[in-house]
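Note that chain A is present in both complexes that follow, paired respectively with chain B and with chain C.
What follows is the complex of A and B.
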């Protein structure tokens, strides 16, 4: 029984870590630019496929390092060329853009890499269970958790302790005033977008090693990621992180004990949290974009 | 080079036409007061100059360079500091972070010097902006604008809602900024205090400039002063 619970919790944490990585990136972009990036799952898949193509030449570790960076660079380009012209317009425009981009990504990936799932393997030594008792604990899964923790920690460091980070936080509150202080808010939004996409790319590489690759691999993650943001509270990245892990664990446990409720439990949780705390777990007072 | 000159500004908020051909100028080393009753277009004039609400017609120059239609950060980068109405400090950032937000421009103001000039801010360095009193927030907003090392400082109603003692402090700082060679454009509800401080004054009414001249002459015209001061939201004497 304990073993089953641990199994559910651990699987949930893994899934939750992906939700959190996705959701934090989505949140960053939403908070500073007011754009709901429906193409986020596409960037995630792109990161995974890039790693898949790079791994034969530069190895798994090289791909893990480089693929998210390339994904981020493409993110910077997409923001600069497509998203930026839509700032200040009705949010519907950027919504339609990212919605369309999501399809373009999917078809693009399908064209380049094929519609079939392809396997992507981390080093074999990392894939065997650490013990027979805890059969679900592999080196790779622990490594994945650690890396997500490092990525999230790194992001919080940037936001909390660097000048770029304080400007992102300031801009989230009042972009107009930040601009009057001489801060190039276009560059700021661009970098912030890139940061969010980097996390998506990283999640993509990690997810590829765990779940394999398919052009639609981001689809299953995007709705739970939105739910993570809402459960955690709009505007709070720590809340988003918590929200992601929480709904991950909930769905992990549901997968063990009530498999048929595995998807529904996420939304049930969202409703429960919103009934108790309409702004989410750590949501800020009265600030909704 | 004239720090600021706006010519024939026609500015709209949506369909409502707020400024009707406003022209104002701030010359080097001057303190210029921009006066007028609520809704006369004072804040809109400042926003038009900063590029926050670009004018539909007319032109704005900062230090000789045409800045009409440029985003605010480009205007600021030329040396135009802006202390917005309602202070607009970043409440989610600490005092220290608020002061590190502005872009770097060379000049006399450094973080250390700002803390020296505003000792209260040094004491509250680690506090969130939202935890400050109104007076402290005003000081923070001014210090933040000064850290851009502006050559012309625009202040929008810095005395709004502040106790007289703090207002005196604010006006002292404005004088000091000018002594250090920057020019000042000041929007104020406190007509008497503003004309006592300023070199020249403009009065706006209904989006038009209805008076332009030496602040001294305006101050001497008691009927005018009383009319405008009476129409303002706040009236009191600075006592100096």
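What follows is the complex of A and C.
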């Protein structure tokens, strides 16, 4: 029983880490640019597939390093060419644009790499369970958790202690003032978008090793990421992280004890949080919208 | 001038709709496709009450479309094989869900409103997807067909004749659209437009924004339920995809493509979208890319929609 609970919690933490990584990227873009990036799941899958294609030449570790960077570069390009013209317009338009982009991503991935899911294996040494009792603990899973923690820690470091981070935080508060202070907000939004996409690409590579690759792999992650943001509280990255882990654990436990509700439980939690605390767990006071 | 033009446009639209089963084959369609246009058009127009007239960005309206569809299908499958009751059940379910969800999200705005509508919709998608013993799960709910309509001594064979069903759907479309036009002409409807144009000013005038938004949400969901019910009857089938967020996105793009600031714009958008989808999906496997491209091109080059491009102003 204890073992089953642990199993559920641990699986949930892993899934939650993916939700959180994706949701934090989405949040970054949403907070600074007011864009809901529907194509985030597509970028995630792209990261995974790039790693899959690169790994035979540069190895797993090389792919882990390079694939998210290429994904981020494509993200920078997409922001520059397609998203930038839409700033200042009704948010409806960026939503529709990234929605269409998500379709194209999915179709493109299927055309290039095939509709069937393909396996992607991290080094074999990492895949064996650490103990028979805790069969679900593999080196790779611990490694994933650690890497997610490092990525999130790194992001918080960038936001809290670097000039770029300071500007991103300032821009989230008041973009106009920041612009009059001489900061090029177009470049800032571009870099910020790239940063968010980098996290998606990284999540994609890690997820590929755990869940396997399919063109629709991002689909199952994007909605829970929205929920992470809503549950955690809008405008709060720590809240988003917490929200992601929380709904991950909830769905992990549900998968063990009540499998048919493993997806729905996430949304039930969202409703519960919204009813009890409309601004989300760590949402700012008075900022319901 | 404007009244005259509106009258002329209305006349043209109704003439086109009344004759659609006859000219649809000329552009490569069939009667069922014409019905699809009418049903999706009703959905896009219902969404537009919220999107274009109230200015609230609902990106989860497939929820109410799908609930209407499942409500109708399950009524026939499990309760009574009656077309009117099935539609009423679908409408009631959609309206109830709209009331509940609307109450939870009316305080949100913009992208956050949109995000909440999307997320709420997923609940119903997963219920339909997982609860296979009742909903048929991913395979959809089959094993039922729409029943002929008996009007006293007369029987309208909407089961056997696609054409009869088309006119049945068109009649309900007319009722729904008529109700919408009437609502928009009332002080309540004008208030919705006022909220869209300047929410703060409307609030200072003492209007309850949340209540108006909520009512608009419920009315829109109710009409969406009607569209969903008709959609289920059209196909004699319903599956979870009717509830999914891509379906929501398609309704939004129909409204935007046609022109969300005009009354008939979403119908035009639905017509183009449904026909293009039908043609493209029978010619290429990469129809998703084509649809995605349509989204991007509309956003970048026709943000005001086709009717907006013609320089028409919303009747409001």
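To be clear about the criterion, the second predicted complex is superposed on the first by the 285 of 289 C-alpha atoms of A that agree within 3 Å, B and C clash if a C-alpha of one lies under 4 Å from a C-alpha of the other, contacts with A are read in each partner's own complex, and residues count from 1 in each chain.
The definition used in the following text is that contacts are C-beta pairs under 8 Å (C-beta built on N, C-alpha and C of every residue); 3 or more make two chains touch, one makes a residue touch a chain.
What you see is a predicted model; the values in this text were computed from it and never measured.
In the superposition on chain A, contact is made by A:36 with chain C only, not with chain B. Shared-chain residue A:96: touches chain C; no touch with chain B. In the superposed model, A:116 makes contact with neither chain B nor chain C. Judged by the touch definition given at the top, the superposed model places A:163 against chain B, while chain C stays out of reach. Of the two partner chains, chain B is the only one that A:176 touches; chain C does not reach it.
Legend: residue contacts after superposition of the two complexes on their common chain; A:184 is shown touching chain B, with no touch to chain C.
For chain A, the partner that touches more of its residues is C, with chain B and chain C as the two candidates.
Across the superposed pair, chain B and chain C touch chain A at no common residue. If you check the complex, the residues on chain A that touch chain C are 30, 34-36, 82, 85-86, 89-97, 99-104, 106-108, 111, 223, 226-227, 229-230, 234, 260-261, 263-264, 267-268, 270-271, 274-275, 278, 288-289. Those residues of chain C whose C-beta lies close enough to touch chain A in the complex are 51, 57, 59, 104, 107-116, 118-120, 122-123, 126-127, 129-131, 245-246, 249, 252-253, 256, 286, 288-289, 291-296, 298-300, 303. Chain B meets chain A in the complex at residues 50, 52, 71-73, 75-77, 82, 84, 88, 90-93, 97-98, 100-103, 105, 144-145, 148.
Looking at the complex, you find that chain A touches chain B at residues 163, 166-167, 169-170, 172-174, 176-186.
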